[in-house]
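A short worksheet on the structure shown next.
To keep things simple, chains are lettered A, B, C and D as they appear, and every chain counts its residues starting from 1.
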C-alpha cells in the first residue's frame, strides 16, 4: 500500500510538472506585452525596459520557467499585475471559497445521488428506475447557466416578489465571512452544481449496482440464505460504489476549479472566476498561479481517488510487491 | 446406504424452463424428470447450451427475471419448490440447499475476507454471535482440508489459488449442512492435479453427510469417478439415464455413444484409432429441431425420428429417449484402424530432418521493482516462464507439449512464433536461426511457421467475412493477387470440411468448432512447414473436439507438415503426438516417444498428471501420494529440482540442492529429469491406464 | 491651448470626464437627484443642518478596481473609492463653481501666475498625522514630475514651482496664465496624499470622509465613516461597501434581490428592466459621452472619402439610438460637439438621410462594386457589442460586410489595438468642454488620433477655437468644424448616451453625476 | 468474386441495423428523434427561417411571442424564432465538427499509441494526462485567450480538449483487442501496420467509439454554448444559443422569451443527444454480453 501510494504520488508530481510546463508555455503565448500591460498605455520606452529587466523577461524561456517554478514552489507567487497585490493570499482566499462551495455541493449531491442510483439499480426496469433514469438524463442536459438563471429567477426574484424569504441572487460574499454567514449565498450555486453532479453520480452508481448484481458472488451470497438487505449492503454496495467513490473524488477537483460558468452566473468569488479575470486582464502571474493551483488540486483529488479506491479495494491493497 | 425405496431427497417431474430473449420465450429445459436419493451423487452430463445450468438454477429457483418455470414440480423433501414465494425460497437457501459454482474466483466477494464470508452464513441464518461464527468458519475450513485455516479466514479471495477458493466455496456450501447440494462444474477451471484433490474431497464430504447431490458437468470421466447414476442432457431433454457402469458399458442413446467415443482415451493413438466425431452442431435457442432433437446429427436417424421419441423405461433403472436405441446398441463402437494405416511410422525417425530445433531457450519477463526493492538494491527479478529448453521437431512429425497452466508451454510457443522475445538460446528453422522479433522475420519464415490459437472466439476478426479472412495469408505470405486468393478459398473450406458458401459468413454466424476450422484453414492456407496449435480444442465442446483432432491429423497426412501441439490433456496429446514433452515450471522434465511415455517409469510429475486424470487406473505397487500444495511462482523458483516442493517421491535433501540428471535407458526413447534412477523408479511405479469400462 | 493629457482609460471607459460641472450648470440640469421626501434637497449641502448620528451602510455595486494609487486611477470605481478615501484640494460644485475642499480659501496674484491656497485646519490623515502644506506640495510635485511619467505630468507641465509658504499655506507658480487652472487642480488624479507615501497602491492613507477597513481585490472594499473628518457631521453614512462585479447583470441581480443598494453605470437594457422594480429608484441624466465609430483614413479603404461617405450614408442613427440605447440619450451628428454644449452645438449642416443605394454607388465608384469586407472591432463593454451588431446589419444592406470582433477592454485598449485597427468603436467619456475631443482625437498630431484624420482646415479651425477669447469667433469655428466632420470626418457618432443609476429607496440624498466616479456619498444617508 | 462483393454491404448493413436498434429503446428513440429533428432544422434553417439571424426592426423590438414572431423579438428587434432556428445549424456545425475532428485525431493517436506501445505510447499518454489535469473549460479559456475569440478557435479548442479523451478511450480498447488471436494471426501473416490498425483493430473499436462520439458530442454542445455564454467563444451577432442567453439575460425582465427559447433549445438538444448516447451504450453493451 505504501509503495502504491508513493508510486501514485510520483505519478502526480510528474503530471503536475508536465502541466506546469504547459501552463507556462501557454501563458507565454498570450498576446500582449506584459510590461505594457503593467505600466499602461502611455508608459515610456525607458520605463518599459526597466520593467522588463525587473521581471527578468530578457532571460531565455527555459531559464524563466525554472525561475518561475523555483519561486512558485518556494511560496513566492509574486504580485498580480492587475491588482498589484500579493497573489498568494488572494488565491488562497479564493481557494477557500471554492472549497466551501465544493464541500457543500458534495454534502448535498453525494447522499442524494448515491441513494437515487442505488434505488434505481436495485429496481432495474421498474417505474422508479425509469423515473430516476429519465430524470437524471434530463438534468444532465441542462447547462449550468440555464439552471443557474432559472434558480435565480425562482428562488430569488419570484420568492421576493411574493414577499417570501428568498435566497440571494448574487453570491459574492465578504472575505472574512464564516461558513455559516456565507451559507445563504452558497445554496443556489451549490444546487446548480449538484444538478450537474447528481445525474452523473446517480447514473454511475446505478450502473455500478447493476454490474455487481450480475456477478456470481451475489448469487453465492443470495444462495447462502442471507437476507436481501444484507446482500445489498454487505456484498453489492461495497463493490458497486468503488467507481462512484473515484468519481466523487474527481468531481471534487472539478468543483474546486471547473465552476467557471456557475461562479460567473452567481458572481461567486471562486477560483474559476479568478482565472477568467486573470485571462481577461492578461495577468500572467495570477493566471499561472490559479492554473497551477487548479492542477495541483485536480491531481490531488485524483490521488485521493486512487488511494481511497485502493484502500477500499483489497485487490489493490494486498498486491503490493507483485 | 442409498435405499431406492425411501422418498427421494429431490424429485423433479416434467420440468420445463423457458428463457426470454429479445421479447420471445425459448424453452431451455423440456420435460425433465429425475430423482435423487439422500446420499446419492447424481451426474447430469451435457455440453454447453444443453440446459444443465438452467436446470440447476431452476431447482434453486434462481432463474432471474428473464427465466421462468413453465410447468412441472421440483419437490425437495416433499415440498414443491415451484409453489414457493421468493421469500420462502430465501429461507431454504443456505439451510436446505446449496450451490457449489463453477467459477470460484468470481463467486467470492472480492472485497470481503473469506472468513467473514463463511461466518456470515452462521450469523444471519443461524443467529450466531460473531465470535462463535468466526470460530465455526475456521472449523469449516479445516474440514475442507485447508492448511492453516486461521490465517486463511483473514485472506481476501484474490490472495488464494483457484483450488483454495473452491475449497472455501465448498466450506460455505456445507456450512449449513444442506440436504441438497448442487455442484455446477466445480472443477472445470482447475488444473488436473487440483481437480483430483477437490473431487476426492467432495466425494468424501458428501458421503459423510449423506447429502443428495446433483453434479453437473460436461466431463464424462468426472461423472464416472463421482456419481452413482447419471443423466445425459441434450438440447434441454434428458435423453438417457442409467447407473454409471451401465451407461459407460452399454450407452443406448446415439448421443451418449458419440460423447463416449469422440474423446481419445489415455493410450489411444492416431495410428491405431480413428475418433468418431459427432457431426453438425448443437441446436441453439429457437432452432430446436422437431421430433427427436438429435435427429440432424444422428448417424442412425430415419423417418420415424421426425416424431417425438418416447422415454423408454428399461430394467435396471435405465431410461432412454430414442426410437432406435436397439439399433444404436448394435452400431456402436469405435473404428479401429487397420494396422498399415500409419505409413509415417515406416520411416525411421533418425532419418528425418529436424525442422525446428530449440537450444537452451529461456524466456524471462522482467518485473518492475517496487520502490522498496530499488531502495534496498535488491536484484531485478523476472518471471522465468521458460528456462533452458532444448527441443527438436522433426519434419512431418508431431511434438506434444504437456503441462499444467503456468508451466510455460504457451510462452514457448509464442517465443517460437516471434511474438514474445526470448531471453537466451537459439531457435533454428531448417538450420537457419530465427530472429527474435516478428518484424525482423522474412515473409518466407512467417509462412513456414503458422499458428492456431486456443480461443476460437478471439481467433477470427468478427468484422471480416470468412472469405476475406482466408484470402489474406495467401495474399501476404504467398504474394498472390486477390483474384488468385479468392479462387483458392473454396478449396481451403473444403479441406476443413466446411461448405464453400461459408466464405460469405461472418465469424459471429459460426459455431465454436466452425470458427476453429476456419482458423485452421487460415493457418494452413500458405502451406506452413510447422503448425503450432496451442490448446486448440480445450475451449470446444466434447462432441466437436474429435472432429478438430481428426482434421489436424488429416491435414498433416496431406501436407506432411510438422505439428507442435500444446495441451494440458494427456489423452489428447497422447492421441496426436509422436513425441511428448512434459514441462513443469518452464523446464523440460520428461520427453519420450508417445508409445514409451505411457510406460513406467515416469517422472514423478508425469505420474501425478497421469494419475490425476479422473477414472485412470493405476496398477501401482506403491500408490504415490497426491501432489501437495500449489504450483510455485515462476518468480521464486525452488532450487535444485524444480519439482521438489511438490514431489510425492522426494528422495531427500539432494532434490532441494542439486539439479537432477537426465535418466534414460537403452531401448526406450524416454528421458526424464530426476534423481531417482530408472530401475528404482520403475520398481515404485506401475503402468497407468485410462479408464475403460469393458463392454458387455 | 494645451492638451489635457490626464485621461487614462486603460481598463475602464477609455476616457473619463473632468470638470463635468462646468457644462452641467450651463444646461441647467444639475445632475439627477433622488427625491428625498424626509429631507429637502436644498438642505443637502456642506452646511446642512447638523445631524448628530450617522446611519446606514451603503452597499454599492461597481466594477472591480484595478488601480488604487490616485495617480493612476481612471475608472468610475477607482475614482469613486479615491474620492471618498482622499480629498481634492478644490472641488467643483453642481453650479460649476470651484468650491473649497481641503483648501478653504485662495488668492490669485501676479496676473494669474501665482495661486496661494490656505488649507483647512484640523485635517488629519487616517493614520492620525495632521495635513500640512508639505503634503500638498509633495502630492503635486509627484503628479507633475516628468521623470515619473505619471499620466498627469503633461496636465501640470505649466506649473513652474510649488512651495509651502506656511504651515497651512501652499503657493503654485505658473509659467503662463491659465484660466482653467483651478479646474485642473480638481482633476480626478489630484487627490492629496501624505508626503513621501511610497505605497499608495496598497495603503489608503487619505484625509477623506471614509477609511478603508478592508480591501479584497476582485471582491470588495469596505469603508467606514471617518469620525475625525474635518467637516463636522459628515459623512452621514456609517459606512460604504463597494462590491465588485465584473458583470453588470450580476450587479443588477444583486440590487434586485436586495444585496446591494446602488448600481451606477449599466446598460440601457438593464436600466429599463429596473424601471418598474418596487423599492428601487432609477435615475438618468444626459451626458456628452458617446461611442465613436471610426475608420482609419490613412489607408485603404478609409483613405477614399467616398468610402467614408458610404459608411455614413448606410447608417441609420435614429434606429441605433432606439435599439442600442432604447431611446435614452440623444442622436449624434458625427461630431463630439453634442447638444449639451448649447453654445456650440449646431444643426445647421444637415446629416444626409440614410441612402443605401447611394452608399452602394459610392462604394462601387471607390472600387468596391462587390461590396467591402471589413472587421469591426469593439470592446466588450456597455452597448458597444450591440452597436456593432446593429451596424453590421445596417451596413450589410449597403454591401459592407462586417465581421464583428468583440475584445476585452484590457486587450483592446491595453495593447493599443484601438489605435491600430481599420474599423473600430471607442467609448469616450463626457467632458466639460468640446475642445478636448478635438485636441486629443481628431487633430492631425493628436496623441489618440485613432482615425488618423489629417485635415489642415480642421486643424486650423481647432486651433482657432481653442485659443480665441472671442466667443463669437469660437462658436463659428466650432460650427464649421461640425460641418467638416459631417462632410468628411472618418467618424460616426450615432448617439450620446445617458448616465444611469438605480438605488434602493431606503436611501436619500443621492445625486448622480455624469461621471459616476465623482458622485459624492458624503450627504447620502438612510431614511428614517 | 461474386461471393465477395456481397460481404462489404453486409458489414455496412450490420452497423446500420445496429443503429436501427436505437428505436427499440423508447428513450433512445426519443433522443434520436430529437437529434434528427434538430439536424433537419439545422439543414433547413436557412430556407424556413422567417427572418434573418441579424435582421433588426427597431420598431418591433422586445415584442412578446405572437403569430408574427413565434418566439417574440429580442432587445434589438430580432426574431427569436429565426435566431434559434439558425443557431441550431451553428451549434451543430461547431460541436459536431469539433467532435468529429477530435474523434479522428484521437482515434489515430489512440490506435497508434496503443498498438505500438513503448516509449512513444508512454510519452503521449503522459502528455495527455497533463492536458487532462486541467479542467476542460479552463484549458478552453486559456487557449481562447491565445487564439482570440472566434468560431475557428472554438473548433481548435474542442479538438485539443477532446482528442486526449478520445485517444485514451480508443487506446484502452486497442490494448484489449491487440492481444486477441486474430490480431496476432494478422501479425504472423505479415500484414502491414495499416491493415492491422484499420482493418483488424479499428472495427472492434467502432462500437465504443460510436458511444464516445455521442457522449463527446453532447459535451461539445455544452462547451460551445458555455463558451458563448461566457462571451469568449463565437462572436456576436452569431445566433449561438449560449450567446443569446448571455445577451438576453440583461433584458430578462423585458424579454424573458429571448432567454427561455434558446435555453430550452440547448437543453432539449443535449438531452436528446444524451438519450441517444445512452441508447448506443445499451446496444453495444448488450452485444458484448
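By definition in this document, a residue touches a chain if its C-beta (ideal position, glycine included) is under 8 Å from a C-beta of that chain, and two chains touch if they have at least 3 such contacts.
All values reported here derive from a predicted model rather than from experimental measurement.
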Which of B-D and A-D has more C-beta contact pairs: A-D
Rounded Å distance between chain A and chain D, as computed from the means of their C-alpha atoms: 23
Where chain B and chain D are represented by their mean Cα positions, the distance between them in whole Å: 48
Inter-chain centre distance, chain B versus chain C - centres from mean C-alpha coordinates, in Å: 90
Separation of mean Cα positions, chain C and chain A [Å, integer]: 41
Contacts with two or more other chains, residues of chain C listed in rising order: none
Chain D, residues touching no fewer than two other chains: 148, 249, 252
Overlap residues in chain A, where contacts from two or more other chains coincide: 31, 264, 282
All pairs of touching chains, each written as two labels joined by a dash: A-B, A-C, A-D, B-D, C-D
Residues on chain A engaged by chain C in the complex (per definition of touch): 31-33, 36-37, 40-44, 46-47, 80, 82-85, 90, 93, 152, 156-157, 160, 166-170, 172, 174-176, 264-267, 269, 273-274, 277, 280-282
Interface residues, chain B side, partner chain A - complex: 60, 62, 65, 90-95, 97-99, 101, 103, 106-112, 120-121, 124-125, 156, 158-159, 169, 172, 176, 370-372
Touch list for chain B against partner chain D, complex: 417-419, 438, 443, 446, 449-451, 453-455, 458-465, 467-469, 472-473, 476-477, 483, 486, 489, 500-501, 503-504, 506, 519, 522-523, 526
Parts of chain D lying in touch with chain C, wherever the complex brings them together: 54-56, 58-59, 61, 75-77, 148-150, 231, 235-237, 249-254
Chain D contact footprint on chain A (complex, rising order): 14-16, 18-19, 21-23, 26-27, 29-31, 133-134, 137-138, 140-146, 149-150, 153, 253-254, 257-258, 260-261, 264, 272, 275-276, 279, 282, 287, 291, 294-295, 298-299, 302
